[in-house]
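Both complexes shown next keep chain A, but they swap its partner, so chain B is in the first and chain C is in the second.
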Partner chain A sequence: MSDARLSVFKTYKLYVGGKFPRSESGRVYEVTDSKGNWLANAPQSSRKDARDAVVAARKAFGGWSSATAYLRGQILYRVAEMLEGRREQFVREVADAEGLSKSKAAAVVDATIDRWVWYAGWTDKVAQVVGGANPVAGPFFNLSTPEPTGVVTVVAPQESSFLGLVSVVAPAIAAGNTVVVIASEKSPLPALSLGEVLATSDLPGGVVNVLSGNTRELALPLAAHQDVNGLDLAGADADLAKDLEIAAADNLKRVLRPQAVETDADFTAAPGTHRLTHFLETKTVWHPTGSLGASGSAY
Partner chain B sequence: MKSENSANAASAFEYAPAPESRSVVDIAPSYGLFIDGEFTEAADGKVFKSVSPSTEEVLSEVAQAGDADVDRAVKAARKAFEKWSALPGAERAKYLFRIARIIQERSRELAVLETLDNGKPIKETRDADLPLVAAHFFYYAGWADKLDHAGYGANPRPLGVAGQVIPWNFPLLMLAWKIAPALATGNTVVLKPAETTPLSALFFADICRQAGLPKGVVNILPGYGDAGAALTAHPDVNKVAFTGSTAVGKQIARTVAGTDKKLTLELGGKGANIVFDDAPIDQAVEGIITGIFFNQGQVCCAGSRLLVQESIQDELLDSLKRRLSTLRLGDPLDKNTDIGAINSAEQLARITALAETGEAEGAERWSAPCELPTSGYWFAPTLFTNVTQAHTVARDEIFGPVLSVLSFRTPEEAVAKANNTQYGLSAGIWTEKGSRILAVANRLRAGVVWANTFNKFDPTSPFGGYKESGFGREGGRHGLEAYLDV
Partner chain C sequence: MDAVGLEARAAALGTRSIKTSAKAYAIDLAISMIDLTTLEGADTAGKVRALGAKAVHPDPTDRTTPRTAAVCVYPDMVATAKQAVAGTDVKVASVATAFPAGRAALDVKLADVRDAVAAGADEIDMVIDRGAFLSGDFMKVYEEIVAVKEASGQARLKVIFETGELSTYDNIRRASWIGMLAGADFIKTSTGKVGVNATPANTLLMLEAVRDFRAQTGVQVGVKPAGGIRTSKDAIKFLVLVNETAGADWLDNHWFRFGASSLLNDLLMQRQKLATGRYSGPDYVTVD
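After this line comes the complex of A and B, so read on.
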């Protein structure tokens, strides 16, 4: 079959603000499979692309963070549905990217789809689990609720290019944040293809923005960016993680440090809730309960 | 500082001071560091003086911790950690309950001590600080044997040695916020109180001894910023908790970068107190005063920006000025005193400089007409009007009794102005309309929002900031997380 027909290659592009731009720098870099065979030319994003992505993420934050939790869950579930339909494509891309057999790659893709389903179900439960009424010693109704932190930069895992990626992006957006994610440097193709899935899943443009390129070159300006509120260092090595954490201190970004288990790309274990809750702020509101007839405050 | 009405009242009822007795507290001429259950001199023999900010009288001479002392204290805490963390939670709980009870028993003594060392009115230490300190220990005591049920998984583990650095504005209360959850979860502690207010922490060391707390579980290191920096940088500290300025908080965040240390920061604020045109004016005035003049405005969550709806601005400001003119400023030990002393000469200089900047930038200054005592550090309650969002007094945390007044026309504008700050610690909303409270509270980017009230605190209520006001929460179930390996 392949002798008879020349296949059509895909031009891999970034996913920023719901659109698929090339890098403004015009740069690309060669992406190869685990054996060194050429797969594609991926965009090599610049710091300008990173800034554009932050602008898009900030613009999307108001709508996404105030969307109902139910709607966010519906959309995350829709992502799983869309992925299921393109399962074969992702099995091929993950097998190429990570040097896996077809059956192992299929297991990774299945786990990734299931991860979207897991987080889709969390959107309208997390507030009850981590928030609640506080029994203060006084005539007040006192309620703590979680709210999303804001724009989060995610350094995606380097080895687990698809399951790892989704395992760090999905909890951040499930919680209502918007994300700028730096894809695995050597295996960015599954991440770039995921953009195509997100674009057709009713996810508002700008909620997830996918950049490919040199991790350090992109991560440093994003860690220092004053309009970024959170930083997930999952895919940063120890030296880079330290540099990024120092840069992030400048506006006190919430930092999620790389965890030892993730250097082995073991995202197959049950994810727990720590990523879901890390980019949440707790707001506590005091309302006087007063006595009937008193106007405003009875205090 | 009397308006005409109160002047008439004053002529009918002559003011008589009602000072709280100092004899309830016995301050020793000198104190050591508290390390491994013993009071000890600093390795290099350095000492510093703690003065009463209302009189400049030297209260005591206190050992000043240096690097070697920090190391010794961390070692003591590390040694104590093994047994303390292995104690059944119910036993740890009982130590904390003992501490809570002893604080209640000694609360008058501690209130007077705190007022002497800090300068805040006895009314506040007696009615706010001390009851909250005891309540905080009582609350976290109850968690010690219930951690399995706190929502952090089964058998959550402590982190190890906690290095804690606290400010001077609520010395004993900040100590309670730090130490109570740390001990309840099985950590051991090295705590550095602020250099201007070391005494209540040293009295707390004595309470630990009375409670029979094992040696090394709590270590107290009076000292300056260098000791705090050494503590947060110490390689054998597992947890850093800091309350203080945003600038120092950022430095600490850089220090712990690349380590495994867990960090929580409670930093500065520039809280907006938003008054809508339907608010009950008299109650709003009381709330504004509580918001910015409680503890002389030296409060991170102070309502230091008044946002008032334009249509009621004049009426509200008239009421506010009239009420401010009746506040009593003076001897903090006098039970009638509303406004005490500024904590230090340094802080007074900072407030004075920022207020001068406010005038220089064109804001209009009004200060309550009151006589300031001739010794000590004092600053009259002050308002700035004609303030724009670009003014320094509207942007920078002053940490003093200075209120910047801005106005708004629509709720939309109020929210935008309230959120227009690098900080995000607190906010207040004054309106009769319930739906407006909920809508506005929802959109404020602040960790604590008070509706028709201000500056309320409770051990069950999580406290902490958004944005550059820091991260992590103190108080409530949420406050446990900072001290657990989760």
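After this line comes the complex of A and C, so read on.
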């Protein structure tokens, strides 16, 4: 027998509702590395795939948003563990996608895994930071608690195909939202591989749904979709961002604009809590204490 | 019956692509064919009134939406339902004959039917005695249907076979003929209370039965698949089966019905999508 093996090519597929479907349309498009060499064919999703992803995200929302913050943190940490195990693969994919040397790509992947761990730690702390007891003049406890916005569509950064992706997806799900993410159009492979990691990390199916394809074609119906509650424009250029904001206005989606017109933000910097707290709603409750109020009136 | 052929044909007809204006037509037709149903132990008069209001105005934001064909309730809720749809062409259907099991003496079943008719039911949905059918006592099944038909008077009679309990396609075919010979105005797949309810294959089979029955006797009988039809896509597949099997004569809510509850919301969301171009969501239809 000769030493030559037949090569085993990987079929990159979408990640929707915990499953790995091909695009409903049957379309694929060629993904190349930074020098233009063919890497793989990625699914070119249709708006029907986008709709299916929203249905999956909505279905997963009840369970994920009502899971305890502690459990969400444990599961997100588990994702980081699985990422660590696939480190070599992601280093290769990021190096190809972004034209980095192996060592630079390794630094990006390490930063990505650390980012994921960082957000995993936030799940049971965010309520203390943005919620709490409010002082009021009356015999009431007045408490504000953050609640997740709902189904969030994320347009992932176009240049930073892995660190950027995780930097926008992880905060949304750490806060208890479910996500439909449109991967970087020219470098979708790390995002599609991330789906394989999520599928083996106790993360319930549908909490994160990964679509690849033409960003504009997918983002427009998602921005107009009446069952999507939030929209992160991280990877939308100025033209697209404007169209998406108009489409999103109809049902008053919570929109996160790209800072200035940066499609290539620096995701290596410390992220802060900006994204973590953006897709949260504040619920405030008044609870009668039953004791005498400041005015002396009895209830 | 050729089970493989039947299922293959039902599956093949389910692959038709129905888009744009044809889809709009199919959605409106499907809405007009729904027997909007609530058959729960926890039903209240308030819930039945809400159901009636929804049957009359399925989408209050768009008055061009057609009404559903009927509301379907238990006999003790018929009077309430009748009030809720008063002054419209929405019918009130009532299940009877010890629904869903059908395990009661004939006198009790007939009293159940008379009670529903007296309360004003326009249509009666009866269940056959599956125990008698499966033990080969077809005459008992036949005579019971005849007796219930007589007790129903002017009300149209739908005969439920509970196809999920009949085991074979041959049995469904046989039950269809017994039902039609005994005077059923509609033959209906299931109660919605067992694991297997309406499927494209068993509905196709019943559509072939009503087609053949009309060819032989000149009498037209309606078909009602019930249970498990939840999406517009499913409903449209059934409409294709109707058109391709029984023919366009059955594409009318006098001859074809869907027994469903959650289906209506999906049809309304699809209708909103066609009207606005935006995908709709559950926030824009009622919580039932």
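The criterion applied here is as follows: the second predicted complex is superposed on the first by the 283 of 299 C-alpha atoms of A that agree within 3 Å, B and C clash if a C-alpha of one lies under 4 Å from a C-alpha of the other, contacts with A are read in each partner's own complex, and residues count from 1 in each chain.
To be clear about the criterion, a contact is a pair of C-beta atoms (placed from the backbone, for glycine too) under 8 Å apart; a residue touches a chain by one contact, two chains touch by 3 or more.
Please read these numbers as outputs of a predicted model, since none were measured by experiment.
Visitor: With everything superposed onto chain A, say whether chain B and chain C fit together or clash.
Guide: Here chain B and chain C can both sit on chain A without a clash.
Visitor: With the two complexes superposed on chain A, say which partner A:287 touches: chain B (first), chain C (second), both, or neither.
Guide: The first partner, chain B, only.
Visitor: Return first, second, both or neither, reflecting whether A:37 touches chain B, chain C, both chains, or no partner chain.
Guide: After superposition on chain A, A:37 lies in contact with neither partner.
Visitor: Using the touch definition from the top, say if A:241 reaches chain B (first), chain C (second), both or neither.
Guide: A:241 contacts chain B only, not chain C.
Visitor: Name the contact category of A:7: first (chain B only), second (chain C only), both, or neither.
Guide: Neither partner.
Visitor: Looking at the overlay, does A:250 come into contact with chain B only (first), chain C only (second), both, or neither?
Guide: both
Visitor: Put chain A at the vertex: what angle do the Cα centres of chain B and chain C make there, to the nearest 10 degrees?
Guide: 80
Visitor: Name the contact category of A:101: first (chain B only), second (chain C only), both, or neither.
Guide: neither
Visitor: Nearest approach of chain B to chain C by C-alpha atoms in the superposition, in Å, rounded to an integer.
Guide: 5 Å.
Visitor: Which residues form the common part of the chain A surface touched by chain B and by chain C?
Guide: Dual-contact residues (chain A): 250.
Visitor: Can you list the chain B residues touching chain A in their complex?
Guide: Spelled out, the residues of chain B in touch with chain A are 135, 151, 246, 249-251, 253-254, 257-258, 260, 265, 267, 279-280, 283, 287, 422, 430-432, 437, 441, 444, 446-453, 456, 458, 460-464, 466-468, 470-471, 473, 476, 478, 486.
Visitor: Show me the residue ranges of chain C that touch chain A in the complex, using the header's touch definition.
Guide: Its residues touching chain A are 272, 277-284.
Visitor: Okay, in this complex, where on chain A does chain C touch?
Guide: 51, 54, 58, 221, 224-228, 250
Visitor: Under the definition above, what is the set of chain A residues touching chain B in their complex?
Guide: 129-130, 134-138, 140, 142, 144, 229, 238, 241-242, 245-246, 248-252, 254, 257, 274, 281-288, 295-297, 299
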